[in-house]
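Shown below is the structure under consideration.
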Amino acid sequence: MNTLIAITGLGIFCLLFEILNLRKAIIPFTILGLLGVLALNFCEFGMEQSYYNNMITVSKFSTAFSSLFIILTIFLVALSHNFYHNHPTKISDFVAIKIFLLAGAVAMVSFGNLAMFFLGIEILSIALYVLAASDRLNIKSNEAGMKYFLMGSFASGIILFGICLIYGAMGSFDVLEISESSLSAELPIWFPIGMILVIVGMLFKVAAVPFHFWAPDVYEGSPALTTALMSTLAKVVAIATLFKLVSGLNLISSLENQDLLHTFEIIVVVLSIASMSVGNIMALRQVNVKRMLAFSGISHAGFMLMTLLTVSASAGVLLYYTAAYALAGIAAFSVILYVCRDHDNEDITNFHGLGKTNPLLAAILTASLLSMAGIPIFSGFFAKLFLFNQTIQAGYIGLVIVAVINSIISVGYYFKLILAMYSKEPNQERTGKPFLIYAAAVISIALNIALGLFPSLVLDLLK
Amino acid sequence: MNVSTILIILLIGAFATYFSGDKLSSKVALLFSLAALGCSILLLNNYNAGENISLITSWINQPKISFALNADGLAMAMVLLTAALTPIIIFSSFGNEYKNAKAFYGLILFMAFAMTGTFLASDGLLYYIFWELALVPIYFIALIWGNGDAEERRKAVVKFFIYTLAGSLFMLTAFIYLSQKANGSFLIEDLYKLNLSACEQFWIFLAFFLAYAIKIPLIPFHTWQANVYQKAPTVGTMLLSGIMLKMGLYSVIRWQLPLAPIAAKEYMYVFIALGIAGVIYGSIVALRQNDLKKLLAYSSLAHVGLIAAGSYTLTLDGLRGAVLQMIAHGFVVVGLFFAAEVIFRRFETREIAEMGGIRTQSPKFTSMFLILVLASVALPSTFNFVGEFTVLYSLSQINIWFAVLGGTTIILGAYYMLRMFQHVMLGETNSKTFADVSLNEGISFAVIIAVLLFFGFYPKPITDLITPSLETILQVINKN
Amino acid sequence: MDTNLALILVLTPLLGFLVNVFFGKSLGKTVSGAIGTIAVAISFVVSLLLFNQITSTGKGIQVTLFDWIQISNLKINLGFLLDQLSVLWLLFVTGIGSLIHLYSISYMHDDENMHKFFAYLNLFIFFMITLVIGSNLLVLFIGWEGVGLCSYLLIGFWHKNQNYNDAAKKAFIMNRIGDLGLLIGMFIIGSMFSTLDYATLQTAVAGASDLNSPLLSLAALCLFIGACGKSAQIPLYTWLPDAMAGPTPVSALIHAATMVTAGIFMVTRLNFVFDAAHDVQNVIAIIGGITSLVAATIGLVQTDIKKVLAYSTVSQLGLMFLALGFGAYEVAVFHVITHAFFKACLFLGSGSVIHGLHGEQDMRKMGGLRKAMPITFWTMLISSLAISGVPFFSGFFSKDEILMTAFHHNISLYVVGSIASIMTAFYMFRLMFLTFFKEFRGTEEQKHHLHESGSLITIPLIILAILATFGGLISLPGNSWLNEYLAPLFSKAAGEEHHLGTTEYTLMGVAVLGGILGILIAYIKYFKQDNVPESDENITGLSKVLYNKYYVDEAYDAVFVQPINSLSKFFRDYIETGLSALVFGLGKVTNEIAFQGKKLQSGSIGLYLFVFVLGMCAIISYIFLAQ
Amino acid sequence: MGNILNQIGIENYIFLSVVLFCIGIFGVLYRRNAIIVFMSIEIMLNAVNLLFVAFSTYHQDAQGQVFVFFSMAVAAAEVAVGLAILVSIFRNLGSISIDSLKNLKG
């Protein structure tokens, strides 16, 4: 709770700083502030309580994920220094928006009431619409914003309708009440429909097939930093929220009562297989790195969806997977930001010979890609491992085999980038070593590897 | 002091090499690899003295993954092979100039680290991690420092990586499944204890087989081999053929057979036949290769076919012969590829057609090369003969025809190797001048040859080292 | 003591080899030659000592050095067995060996790589000794392949000529075919009796309940295939004539006197195995007979002096196997020894001739050398008489024994053998007449340089000629020292002593007459009518077939070599590419799917939303259907 | 209040709003003018709001109606952002047809 308030306060401070002409101080201050918030959040860890007659409930789950979000936001804010250096007047707005977005994110994982949940989503989405379209003179950015906005609000409509049906069935928005009464037999048919609608809405946010079409276009069109935010923070938030929904409303057991569980599982399996396959295969032929990462994000969404099959056990796994994925993503995007800062596109050709010009960055990008591909000691590997382990335990060996085949395919396009960096001749010289970008890249990849070396740290948090 | 010391030395060595800069890196790398060698010899003494040199510390609680390094005789033998070959390989590269040498040598040491880990790991997952780790450095070595047309190379290397990764991911799935059965533990002894149904074992066996058949490689999974061997820098080829390929064979003995004994017994004939088919196929394809490195690649395809056949016999002789042959082949193949490199340094070509008439100009090199050739065709009194004889004998115990067909290797092998030797070394004096081996090159050759001849007459130390652990593995295989 | 003796025996040649390899160049030709010769001479002396010891004690010496290869059910150690047979072999291997070394000092003096030559020769002696004195089959196998290697090195000694290299390669590979047979034989024996050690094996075989078991016969057959490879019997004989590409001393030492007799040695060594497999013995006899005849017929028309000798060697070896086939091992051994004497002498003589003519080997360009090189002439004449079986020369006794044995067992093979020996007599004297009589047919300046070779060449010739003359004494029909000496080796009473009855004398007579007949024909054809073989192109009819060795090489090439090569090409060009295309194909397919998929991602919001709604409806309807 | 629901069953309200919602959806699917698409989305939201009110009456509890206010506010905010984006698109493209937004694809 305090976290949420603190974050919001921080956002307002950012705006104030602009007014007080402390533009220089904004980013350092925000980072410090966020670190403070992080500390605060850590203090809240482990204490289960709810605020505002259960509008917000703080739980291990929520705090753990909130800390992840905050860390990601720190990186993103750090990166925005160089990203917005040529329109300084807007920097406070952008940072502030990011902070508010974080607030929305935190609200989404710590909601105790569907109203809070809805508000969270909307805060996040609206902030994202703005960021996506933020480069207003660039037609691509406009298009991305528009697409995202239209489809996003459409999805929110669906979610809203779902919430409404749930409310209709349960007569309450309170998660606890709903979950209790959802166990009772003979529920009106529109309760499952409502749930499905909400889940579909969330699947849209996660960008799972077949609700994924927006992702590549929006990722490509939006400014690189926004893409970074979407593909790391936004995706993680969405999947976490989806997970919390399914577990919090203990959907599984209620579906069991109406013997719909099997149906639900089939749906999840199909969706996750579809997501990872489509994501990976489509990524093979992409030349734009952001677009490629969008598809890879879709496939990762497919992987993450597997956790919904073992909701009771796999919160930790999901946390680990998301952390691994997001950290790798941050590292990758910081390199992309550096490489493509004075290009209008993010094509692979920009990366030619990076291994010669900037060995460190090339190594970092390689590492993050290897992590996404799931090569050992990078946490990506362990994430996949634990995920598969869970899923095989639940007896979905076929699904795991499909996942394995997918990870093989994924190597194909991750390595396209690595090849470009190491086996092509540099086509430009890259000057300057912006400290913040390097720092962000190094720290994030270091965290990623640390996670790989000591997985228990994160994995056992939510036991 | 336990086996982890070797790993630590190698890992530190890798970084030290990288940070020592391009000038020094090669020396530093050599230094550390020699340190690792010394350390492993020390450990061997401790092991023979009966000390416990293995190490188990819990790493991840849930699923239960522990950092377990267990050095029994077999593992020690393979570790020694790695530790002995690495300095030779590094030293053999001294004649060449590599751009960005620090990374190059760093990667070599790192690969040695990963491979040593693979041999030592006694926890399924740890083993898998090392197994995958070994893949990454060789990928970059082949990609960046390789030779030939860049586009071709890219294709070959990526194919190699994806292909091998594909195999090993199925192995990973198998491991996870096994650990489920062993309620969450990946420790090898827990996995050994499992009693799986024949059907389960069949699938497990298949998953492992895919991983190993691609890595070793057995036909028809070998298509990556020749290209990569040809495209990779010779050092990389040596690492691949000398050590990495042994990882697969070692794993067959250590993991595949004991974990799925019923399946192994059930389908023994199929896999022996596959191995022997590899022998014949490899030898025949090797006959008409114009590229020296490709020819050697196919010859090693033939040899590993025989080794694999030997280990699938599930007899003590078969396993023992296989291990002996693995070690012998490791040395001889490194020597042969080095010979190819020596020629390349002088003639800038690997086309056999452009060679010939070298003997008159370089007696020393000729005799060394000839000895290596003879060793690789398993002339008695070379180490390879001991291995090959044992393997063939074990095959004959299964079915005499296996021995006959497998034995064709001594005819076909002689055919293509001597044919190669004739066209590379003999004939009218070559127009291009060929300087005889330099001191460095000579040393590398001398070491290899010394090893081959010594163990050719006195393999007892190695046999005594490996036999007990092989017997325990056989007990696991025959436990039910 | 014995161990040390054995080690000296084995290691001195090895030492000589090493010295010559590492320092030969710097030592200079004569010295390195001397070193090589002395090394072998020492072994010879040691062998004499051992011989002496054996004859006195009458029992073999077993020396075990250390474990070599461990296999679950049989333990193979590196050990030596010095008994009657091996010491006998040692005597003539090292003896003739040292003579030929001596000879080579002069013969190879013009060659720049003389030190290498001696190094190889010493290495050969080393391996040959190992082969002979090995105490089990695997040690024998070391020597077995080792001598093969040395013959490879020495045939291809003049390595600038690729034809020579081809010959060397051919020799090695054909030997290897035999070696595979030998290996398989070892495997079978090993798994049957779980030992490869001669002594234990003998007792095991003796103790074995069912002899003549098919498995044992199979083993024997495989071993015999090995012998075929080494001793140039049909079908693996074609390498020997080609092996004449090597320097003449090599042909004398390796391809006439010693290495090629390894097969006979091995069969004799394992006589108990072959005795237990009668059908195989018949096979051996038949193969031997046929080989002797075929080789002899080819020998009739060859014009290269060394080729003639080569084919005569093959045919003589055939005779020996004939004897082996009848279980008359001591007879075979006897012929091995005498043959070693006169054939070595003949080769060295031919070498001296070639030396005198500066490398000319075609008999059509010789003649009339009698006056120019008398010693060579006389020594070669003696040896030719010996090989033709003219009475009281060594060859007479040994060949006669073989034919007698054949007569007692199988008349038809006896006939074959006799015809072969008649032909032998013919072509040997054809050689003599063409080379030494009439007047010289070579170029003028060759004629100008004609001279007798130096003493280093002639002395060995003389010694060998003497041996060729009196070598027969060691086993006179009736009372044979050799049979006595070898008796302990053989299970059965040393060769059923056929006391000289009338049949024996008639047989001798027939043999002698045959020999004389052959000589006479040669005399008439090449001395009286002094006609010279035509030059290659206008050879016709049967003689053309013979001259081209029945086209066996061509046949082998067409049946084995070509198919394998084309198969290899096929594999390389189609299977390999096909397989890799298969792997790449998977990637291509996925890429193609991706390419199609990109079309779906059309960028139109309408479509996106439509799919969105579609998916939603699908899920909901699925739920309903499920209910 | 309750008696209204007795006269007209809750189902009818649900049907009505579902119909409205679907109208909204189809509007989004088939209209190409961005403004109209916005309006269709608004219709969807309002359909939901209607249903909220109906349910809150049905359950005799105010939360539903409170929620309506939330959703209205949110919708307003959304539309504000949307229109802003639309404006900049119109500046750059001179068209507000969503068919003109097809540069990002593949």
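Should a chain be cited, it is by its letter among A, B, C and D, assigned in written order, with residues numbered from 1 in that chain.
In this text, a contact is a pair of C-beta atoms (placed from the backbone, for glycine too) under 8 Å apart; a residue touches a chain by one contact, two chains touch by 3 or more.
On a predicted model such as this, the values are computed, not experimentally measured, just so you know.
Asks: Using the touch definition from the top, list the chains contacting both chain B and chain C.
Replies: A
Asks: Using each chain's Cα centroid, which is most distant from the centroid of chain A?
Replies: Relative to chain A, the chain with the farthest C-alpha centre is C.
Asks: Measuring from CA centroids, which chain ends up nearest the centre of the complete protein set?
Replies: B
Asks: Could you see whether A-C or A-D has the larger number of C-beta contact pairs?
Replies: A-D is joined by more C-beta pairs in contact.
Asks: For chain B and chain D, what's the span in angstrom between their mean Cα positions?
Replies: Each chain's C-alpha centroid was found; their separation is 67 Å.
Asks: Find the geometric centre of each of chain A and chain C from their Cα atoms only, then give the gap between the two centres in Å, rounded to an integer.
Replies: 79
Asks: I'd like to verify one number: the distance from the centre of chain A to the centre of chain D, where each centre is the average of its C-alpha atoms, in whole angstrom.
Replies: 27
Asks: Roughly how many whole angstrom separate the Cα centroids of chain A and chain B?
Replies: 43
Asks: Considering chain B alone, which of its residues make contact with at least two other chains?
Replies: 162
Asks: Could you check chain C for residues that touch two or more other chains and list them?
Replies: 587, 598, 601, 603, 605, 609
Asks: In chain D, what residues contact two or more other chains?
Replies: Touching at least two other chains: 28, 98, 101, 103-106.
Asks: What chain-chain pairs meet the touch criterion?
Replies: Touching chain pairs, listed by label, are A-B, A-C, A-D, B-C, C-D.
Asks: What residues of chain D sit close enough to touch chain C in their complex?
Replies: 25, 28-30, 32, 98-99, 101-106
Asks: Enumerate the contact residues on chain B facing chain A in the complex.
Replies: 60-63, 103, 125, 128-130, 132-133, 135-136, 140, 143-144, 150, 153-154, 158, 161-162, 165-166, 169-170, 172-173, 176-177, 179-180
Asks: Of all residues in chain A, which touch chain C in the complex?
Replies: Interface residues on the chain A side: 147, 150-151, 154-155, 158, 189, 192-193, 196-197, 200, 204, 210-211, 213-214, 216-217, 258, 260, 262-263, 267, 278, 281-285, 409, 412.
Asks: How about chain C: which of its residues touch chain A in the complex?
Replies: Against chain A, the touching part of chain C is residues 587, 590-591, 593-595, 597-598, 601, 603, 605, 607-609, 611-612, 614-616, 619-620, 622-623, 626-627.
Asks: For the complex, which residues does chain A have touching chain B?
Replies: Against chain B, the touching part of chain A is residues 355, 359, 370, 375-377, 381, 385-386, 388-389, 392-393, 397, 400-401, 404, 407-408, 411-412, 415, 419, 422-423, 455-456, 459-460, 463.
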